[in-house]
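For reference, chains read A, B, C and D in written order, and residue numbers begin at 1 within each chain.
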Amino acid sequence: MNEPTRIGLVGYGYWGPNLARNFHALPDAHLVAVADVDAKRLDEPARLYHARTYADYRDILADPTLDAVAVSTPARTHFEIARAALERGKHVLVEKPLAMSSDEARRLIALAEQKQRVLMVGHTFEHNPAVWKIRELIEQRELGDLYYIYANRVNLGRVQRDINALWSIAPHDISILIYVLGALPLDVSARGATYLSENVEDVVFVTLTFPNHVLAHIHASWLDPSKVRQMTVVGSEKMIVYDDVDAEARLRIYDKGVYKHGSAYGESQLKIHSGDIFIPKIDMTEPLRNECAHFVECVREGKRPRTDGENGLRVVRVLEAAQESLAKNGATITI
Amino acid sequence: MNEPTRIGLVGYGYWGPNLARNFHALPDAHLVAVADVDAKRLDEPARLYHARTYADYRDILADPTLDAVAVSTPARTHFEIARAALERGKHVLVEKPLAMSSDEARRLIALAEQKQRVLMVGHTFEHNPAVWKIRELIEQRELGDLYYIYANRVNLGRVQRDINALWSIAPHDISILIYVLGALPLDVSARGATYLSENVEDVVFVTLTFPNHVLAHIHASWLDPSKVRQMTVVGSEKMIVYDDVDAEARLRIYDKGVYKHGSAYGESQLKIHSGDIFIPKIDMTEPLRNECAHFVECVREGKRPRTDGENGLRVVRVLEAAQESLAKNGATITI
Amino acid sequence: MNEPTRIGLVGYGYWGPNLARNFHALPDAHLVAVADVDAKRLDEPARLYHARTYADYRDILADPTLDAVAVSTPARTHFEIARAALERGKHVLVEKPLAMSSDEARRLIALAEQKQRVLMVGHTFEHNPAVWKIRELIEQRELGDLYYIYANRVNLGRVQRDINALWSIAPHDISILIYVLGALPLDVSARGATYLSENVEDVVFVTLTFPNHVLAHIHASWLDPSKVRQMTVVGSEKMIVYDDVDAEARLRIYDKGVYKHGSAYGESQLKIHSGDIFIPKIDMTEPLRNECAHFVECVREGKRPRTDGENGLRVVRVLEAAQESLAKNGATITI
Amino acid sequence: MNEPTRIGLVGYGYWGPNLARNFHALPDAHLVAVADVDAKRLDEPARLYHARTYADYRDILADPTLDAVAVSTPARTHFEIARAALERGKHVLVEKPLAMSSDEARRLIALAEQKQRVLMVGHTFEHNPAVWKIRELIEQRELGDLYYIYANRVNLGRVQRDINALWSIAPHDISILIYVLGALPLDVSARGATYLSENVEDVVFVTLTFPNHVLAHIHASWLDPSKVRQMTVVGSEKMIVYDDVDAEARLRIYDKGVYKHGSAYGESQLKIHSGDIFIPKIDMTEPLRNECAHFVECVREGKRPRTDGENGLRVVRVLEAAQESLAKNGATITI
């Protein structure tokens, strides 16, 4: 396969332009066609990338020259479009969340398996070198005992009316948490509030229990004055602040911590230390570039993506349970 | 009463030195005596303030020349010391929380009433001009409809082993929330985790529902790499970030928001705006100075303090309910 | 002229890719060809923009279908390429500095005049809404009496070996200063230091005197740990900090100042005030987009650009004088 | 000498209260008396420290029970008061600058020598652990070849009318530079501007050449919207940003740099690297506390202070030369 991989993009709204720009920039890929229900949006990809444009995504699926399809449409349509694309024998990259239920997600996995096609979900942060570094530090036990992790992902903008902040924003943090901890949460609870559209939470607070008493907490909102994308990882010996908005200091590793120190008399004492801060050099390649390149590589070489269908399913399972907790006013739901 | 008010301080551990420094600096007050169970701590107040020092606080209560007592001992002793001081006819300033149960708080209120003495609780932030400004902006409906408020109060340090982060740290935010919203929460839920001492949560996440669908959330922890004292207030027309650590910009008022706009066809539309940011000049007097001065003024003029016993009771009631929720794994508790 | 303006780009090194991206994105422009002496650089514009590519810029000038040429080559070649392009009847956009001497700049101006072609210099910051706002505030005397302005433009990277930091970096600040003050400086002095290449200053400090006792100072360096692009404007009643790297607060307008207040006894008193801070909403369109659009508009409608040849000449005159001062160890040179 | 050292303080304006607070807090010192020409200022030290107070500093010098005198009066009076105190046999701590001329400074040195008394100048930053660390890193050649250093020390406030920003603010940076570089500058030039009081520069820019081609630059001003106290040290292999206002990151050590790399053909190549950032833990003791303790220690043990008279003289010599350059419109003055 020496020709560039031929890609069709379905959905050119908020995120689609980023996918288009990145696929266009990859030497091994060729962005051939773009579909969107809103005709006004199609001028740009036509002009910038000389892409063929369609109002109906089925025209993209019908094109036998296309190898792969990227889906960046509203979340509720992910399943149907990904399903149809797989049916047509296309490799598929679906934006997060993979689907709106674990049942849907499982059906996509099975279909991809049957059709022998790549199914990948766009959990961008698992293609982010800063997140890789956090996982590495945790795995190597650099932080000592892991205590807890909390994430704030808030901004003003991209208010959605069909899915809530849980399904729209929190998938990023859930995917990061599962990735860096290497485990599914045991349970989850969530509370939120609805201000703008009926039954659509604009803000959610999610609490998750992971194995080994690791607690995690996510604050997701599209009603906030500032753009914050921060995650703090607290261990007994070191702590990390990951600030995705800070170009100079993506990760700060604090040589700080408190741990219990057993004494001769059966009583523990606490040792607190507060030392240096270390900001490692992080490769600044755009994570979405990594993601798109990884997808193309998987398509071309028949590899299984890092963020495959199972990966997408795990996130959806947590979202489902959190949604159930929201409906039950914060009751803790076992996963 | 032209002589300075004569004050005894009980407890010279973490917070007591700040009370001592501020009372010493007030022209109308005279810090006469300091008690602490740890003799090593007493050198400093003796040298800096020429205070008489005692190992036993009862020696302070027994001194008939003292008008008032400030209590900054471990929280579990607040009730007993404040009670004994009131019994002895002293005016009393108690550090937060006022007591460890609403029953105790009510007994202190009744006793102060009976003895005709000032009972004040050290909710410092209600003596803070930045917090006054937030209340004013909310009252004047500058923010439009109020949506939600969240607070982060975290740091590394002052790890406690007798009370958890809820009772140690969250009283600040609960007191601020009740103050700026002018209402008690309707219900509360809390989840936390215990790492260092048995049955003592080192980190808690508290969710509160206030009247008019205002949601509030508090993250309190003494296991964090950075000192954060931030509260964000989100309204439909404006938003406020209150950063108590930012000397130049205590309050940022964002002309930003989203609100529903009814249309002719019964469907609402969302209007998003994102405009200027305004940082008002805030008086930078140390809030604890204001608090100490207010206590002395109340003692001298027979006034009721802004943060009186009832005020302290309200915070304790919320803490009690949150503690119950913690014990019930995050169940929502009505207040 | 309904067809898009056909543009050739000469130089695809550091800055050229930005020009290419922006011209490509403009509906009224068509990036037809790109030339660079380094063949490896030409893959990208061929792939991203389907541009024809050449090793020799003269092939671009020879193409009669091109309306305009953008020049982003090393500064020492600006004059010769711009001259040749004008001779061939092309409209020309030259990156800053316009030329390496005022004599060269004047010759380009005369040639453009004679050929009736647009000659524009790429002083990007004069196409930047934040800079427009500063000029507006100064013109409307919002700052009171203007005292002084200082700029820091430092970074690690883009170390040059043929021109020094004065000619490479300071043109931005000189262009901004002349623009916002509406005047040429009266004199200039400069000191610098050479570390990496003989006779090429890696860091310079430039002091300029403008009319009305306004002092200005520029620190330009490519040897710095952090990217700083900051300008502070100090007036008697208000002050502005312009931070081009701060996305949330491009401009901070401080209601702060000191002014003399005459007293009855002939002695002046100083009034110091320190009030609110105001961060106006600034349009965040990429200034280079504005610049490219303005160039295309001038070409299409026969307008004179805001940053025309005379504008470029003014900056070159200041650079020449500053260079003379550098050679004379900081002596003040009248302009 | 087991009794606390008895100290008199002359001058209780801007800085004196800080000296008083720190001497009062030292176990080995006793702040006995305070003098100030402004009677209103004397209430505070009387109340806070039970100090005897005088309008005339000669009453302090006349007190035979005092061992030492600290002088924090307007700079133009330093010489006369320090001289009189030494004559009376007192040990003397003088705020910076030591005197207003090198001649005066030399006379104080000689007098202290003759009277066998400690003469110390209050160059606080040489008692600052962050500055010690910078010196250590430079001495150990951690930065590679040292290129240049620049300092910004600006703020709104403490506008002076008798001495200019050079003499008022820049002594801090000059003292730091001489200390960390271990050398006097070879020459200096300075430009400034006068807005508020005749012949008193409110802002100055100072450029200094140190041995080994190290350039230094100081920007000092009391007309600035923000409090900035920053120094950047640029080496070929590492760079340091010292931010005295950043509590979490006093020093940032950047593993960044550019250096020349000789090639086989006689041509050098540049190697640029940009790696991790390291923020060392710095002892946060108040530097003025260190300074006061050091003074008391020198008095009690007959030691020569780190910031002795010769140290103060070196700074005054640089200030004199810079003042001469200011008068000559920025001409470079050899030291």
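Details
The criterion applied here is as follows: a residue touches a chain if its C-beta (ideal position, glycine included) is under 8 Å from a C-beta of that chain, and two chains touch if they have at least 3 such contacts.
Just so it is clear, the structure is predicted and the values come from calculations on it, not from any experiment.
Of all chains, the one whose Cα centroid sits at the greatest distance from that of subunit D is A. The chain pair with more C-beta contacts between its two chains, of A-D and B-D, is A-D. For the pair subunit B and subunit D, the distance between mean C-alpha positions equals 40 Å. Once the centre of each chain is set as its mean CA position, subunit A and subunit D turn out to be 52 Å apart.
Of all residues in subunit A, those that touch two or more other chains are 226, 248, 274. Residues of subunit B that touch subunit A in their complex: 145, 147-148, 150, 156-157, 159, 161, 189, 191-193, 195-197, 202-203, 205, 207, 213, 215, 217, 219, 221, 223-226, 232, 234, 236, 239-241, 252, 254, 256-260, 268, 270, 272, 274, 329-332. The part of subunit A that touches subunit D in the complex is made up of residues 248-249, 255, 274-281.
Per the touch definition, subunit A reaches subunit C in the complex via residues 24-25, 27, 47-48, 50, 226-227, 248.
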